[in-house]
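Written out below as structure tokens is the structure these notes cover.
Chain lettering (A, B, C and D) follows the sequence in which the chains are written, and residue indices restart at 1 in each chain.
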């Protein structure tokens, strides 16, 4: 059976992930993501109203025009998890394909919200739920099967899809960390990966985000321990404490909520994304916040909440807000600029349970937010975080488990691939033979 | 009562700490340390045989000649903990003073070993033990008292000495981290610091090592959780695993020993310093290693042990060795150069439970060690560590607790003080009034 | 005669410089500057309309309330050169003092424009011109004299004022580079500094901007040679070339204009500040641009010029524009965003004859500007620049020349002073004795 | 005619360059270099006595075993210039090939010295001289021709070899900077490159050392101007001044010699490599030092010279010595350690006309050298240098000139290639089609 891989997007950047795998006549698309930074650099761009070709020209969504060169029918669009760089282009591109979107429940819910927000295109693809550990037949050949293997990432309900073909499995490895003690959900299913490895892997597509970083990226349990240490250390403080983290990072939000309770504060989730992700997670049963944990997204209800907090005493609350990167319109930035009813006082604590994304625009915005917070006397606790992506020892372990015939590094540019290439070559792979250093828009024929 | 402080060493560097406090006619000296980097930059220097004046000229030990300007009798020499930058000059300088050395049991034992290794001077000062929480009368005035407050640092049995005088307490704050969940020993005694603060603090001398770092330096419990995560993640590996950390960091060595057992390996401590510190800690009852944990310092016994490990199978052992900074003659460096019977194979793991000390010489040596290990196929896990020093939020908390009249930043150069100065000024102190930015060899008269 | 120095502003930052020297009953103020970054971090702040107390609270202008503690009459306000961090607070503070503003002609012209733009206060101090090499009697004692010594900086007509007193000279050393081959004006007058050194210097206040940088900061002639190399290398390009630099850096603008002519292009200066500084310099005779060099500041005339350039051919012009730091509203940023009639094509060249000011906000903005330029195909040449401030060997040479009794580092925070303190201590000065590490708002009594 | 390119060494590192081009039956080898860092990391390795296979295993010299897969006869071995990473493996590998070594006169002389130092192998290949601008027929087909095009680099007499074939030219672009005003020799021959471009270029192999650096790497004339500025600025100093630079950088040595004379000092070249490179350059007529400029390599004659300098007065001399990277056994390091008769005094100047090679081992050694120099009171001037390699705008200009059908980035690892890949893709090339991102040991068939 012919096997062909189209590396459509996310092979020259982090963002706008999209990969298609053809097995015989059947094609499966993994991820359709958005590169948000390519949008934000322009003033006043509203993606909801934009045409896909303009977004392609901006480098914001995958240039899927190469799909016309692939002979075969798209049978499924498979987003691996709910981050925007994996689902953010579905509302712009999915309607071109006559195929269902297959995803885990949490991812599916986020895709649905994404589609509902779209104002330019009508996306009517079916949304099919499939859980980690389940499989689905692909096409009519009876020979191709899609499996979801449970993985751990900085968002819940993430999977690595595996396409089983007569030529061996194609494992799509985006995005994951190797976490044996996640705070929510099951550990990464290394047992299944090892089985698949023994069954035979034709090709492994790997998430190289941290491929230039040594060692092992620690478990969420380590970040949780760190966060606990910080929050317990300020237990006696009776003024304001505010926390911020990635809204989609439900496990972290859960830890924040729990430790807030532990130190005698009422957690309250504020900001549009906070409400969206945590609300969805709770509705689907991934997390069970105490009944009194409020979530507010609209500015009016947020401001009303802040007023209540100010009236009843900041010392009784822990607002968990958006704005960990100093984004200009996020909640924490508004607080830093004095634009909300919440008033910071000298000695108040702001906890950044996040790392600054290392890009100059970001760093500038985050710096400004911290400066403004500092001018009001706030004390900053930052970097209480672990990344959601494998470091080098995770890559090494995956190669040991899967023993793939071919490897394709993804989710980075060439400089980001370099650490992975060195590692893979040390394990016997060779660029130009079975280690494929590729770019957006390429076709790799693995079996002719 | 006249109160005067001589900032003798460690006010322009990290290393060769020494501070004298005069209260009326009674003088107490805190720390007598060595700046090892000033020794190592020269080839073939043997400090054991050198005269103190030569070492002073090299910048290696404190220039204590200013002590002749202080009227009063030295009543005690008080090393705060057993690191070389706090005790390493005792063998060169203490014999000039007719005063006992007063320290906690573990520190005292290390001072004793230091003195025994000295070949130039005969040091015959009394060694007096005093535990955290205890006090001692100083001099004959009946008005001055020395107290040890328990603190947490990267070595066990560390204290902050407090000199109580009629003018208020002088709190000598070197070195500490604010750890509420240390792995060995009691948490930092913040309750006592707060009491002392209420009683009245004349002056606080602060450890500014990390004063330019934001946030809170996490607990040893966080490093332990991180280490556990790493070690459990390689539980199934059946080849060689080697670990290295600071020899004097008994809590970390204890964690390594315990997790080695957890993953089915026999820990063995190798290298002169490993044997020295862990042996001393065990003898004094600070740690209770399983009976079968060997410790070997001499090259012959180390090599014999390595041979046994190689014969019985690397997979059954965890050598815990010296060399975390790539020091040329340390055990791990010898292993990396293939100079020991222990042979590294492709895929073997080396765990650095330490951070690279950010100095170019160090960084070069550590880089070389990692390169050489990598050439033999070793996989590196590094940075599994937390610092032993307060970050900015710890400094903030100490000022809140002690409310000192005067503050003296120490244990850094001026650039290192800058973060502390900003922080202290934000809390109302002022350089030139009650915030004393000083240098080696200065006298500060607090009460005339 | 009593000599006292008030370090009012610019001793904890770069920006809002202000220092007062009292000699007997006569006080001279050096510089009254603005810290622009403290203004820009807030949205929509218009300094022209703000009260000085609010600007002091923001940290934007010097807190001169300490002047009330100084007994004596302010006889002169002496801005050393025309940069905003030295003259930008004159319009907010000078009217409080019954004293003339004494400055060189170019500085004076800029001060005048500054005052004319002020909308809150009426500033009516006399503006007195004095050239480098000239002196002026201060007060009625007949014993105090003000002298201007010619120095070289990144703006023309800069001087170091020297206050001659019976107790020795006070040399105010802000801001300068030691340039023996400047492109405009005379070399730094080291001969006069050496004479003053022999006559006796009581105190030297030094510009420490680059005090942590090794070696010698090269001459403007080196930057000019570098710029020539770059511009000649693209001589054959027939598309668009655009250059940007500090508007106030007349020598650099002059080099740009000359090399533009050399490579057959018509230079044209665009942007409000470009017109202001170059126009002033030309009017005062510091530079003599060819008659056909246009300067346009208002948006309409700029856009008209751009249209003409586009019509006649980009290959015939070199627009020299504002925006070297990627400032959001500057000309180059507008060009990058496609907001001007000038259209960039693939292969067009943009020359940044400036270094990125190392502050995260700046770095973010500059990065964005370069990204946007790159999206249009522009090729970037950056870092064609030398700093206007002394590096360590310049500081060393000044101490050798002046042999001052006292030294006061300025124009930095404490971290920035650290390199200078090390250097000065190596030359025999001592902190707390004759090397004064100080902060904003301190009084230093040199002679009682 | 079949055209095939073997990327043998220097495609995963800087060092051990080697590339073979087959045109029909004729093969030409470009460069045979040594990766010195792979040797120095081991203690006590003497490459002169080592076998090539051991050096291949160490990664020190190219693994040329792939040459057995290439059908055709090696007709010439062509080192492009005299740096070790281009000629250092000739003595280990050239004897395997029955072909002459063809190089420019200066390169040839250095190759000859290299071969004479070899102790393991007898290298008896003919040494053929060919100058820039000349051509040579290759093989018997009458269709293949070798041409040398003059380029500018940090060593004199550097060329880019061009292999003219019926399928178009193969241009081997290692190593060069685009210098229109070099201090010695002719400017880069861009005219010829443009002609070759018009004739048709099949493939361009490019030096990517600086491919991640923006803008234009300036001319040696800029470094010379900078050096002049520094040296003239210390003209009046009457104590010791010492300079160091790359021994093989004859243009820089020439500038040092000339400026030494200008400021009234007698230059003297000291250290084995100084004598070797400058002596060779002078003998071949590339430079004409004044008759009284001594060059001494052997320790005895160096020490004798230092004694004379000390006797006659340091103020009359400028020793130009080896040791710019702080290499442990180089002359400047010996001076820093007080191991030579030259005594440094407080205020003496040391000029590093070199940049620190950014590798941790190097940085550590250089740091130590500076520390030791500083302990003796020396003042450091560093970074007076420009790189010998193209930055991005040079790469852009080469692509404009040559318009090659295929491009192969070289002289870096994959991370180093990334900037070039982005640049080339912006110019229309595509990875996997005509932009070949490759590794050591690959064969690229361009024409079948």
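Definition applied: a residue touches a chain if its C-beta (ideal position, glycine included) is under 8 Å from a C-beta of that chain, and two chains touch if they have at least 3 such contacts.
As the structure is a computational prediction, the values presented were derived from the model and not from experiment.
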item	value
Where chain B and chain D overlap in contact partners, by chain label	A, C
Numbering shared by both copies at the chain C-chain A contact, with half separating same from different	same
Of B-C and C-D, pair with higher C-beta contact tally	C-D
Approximate Å spacing (C-alpha centroids) for the pair chain C, chain D	41
Centroid distance [mean C-alpha coordinates] between chain C and chain B, Å	46
Residues of chain A whose C-beta touches two or more other chains	none
Complex contacts: residues of chain D adjacent to chain A	212, 413-415, 417-419, 421-422, 425, 430-432, 437-439, 442
Contact footprint of chain A on chain C as seen in their complex	41-43, 337, 359-368, 371-372
In the complex with chain C, residue positions of chain D that touch it	178, 180-181, 214-216, 218-219, 221-222, 225-226, 229-230, 232-233, 347, 377, 379-384, 392-393, 396-397, 400, 426
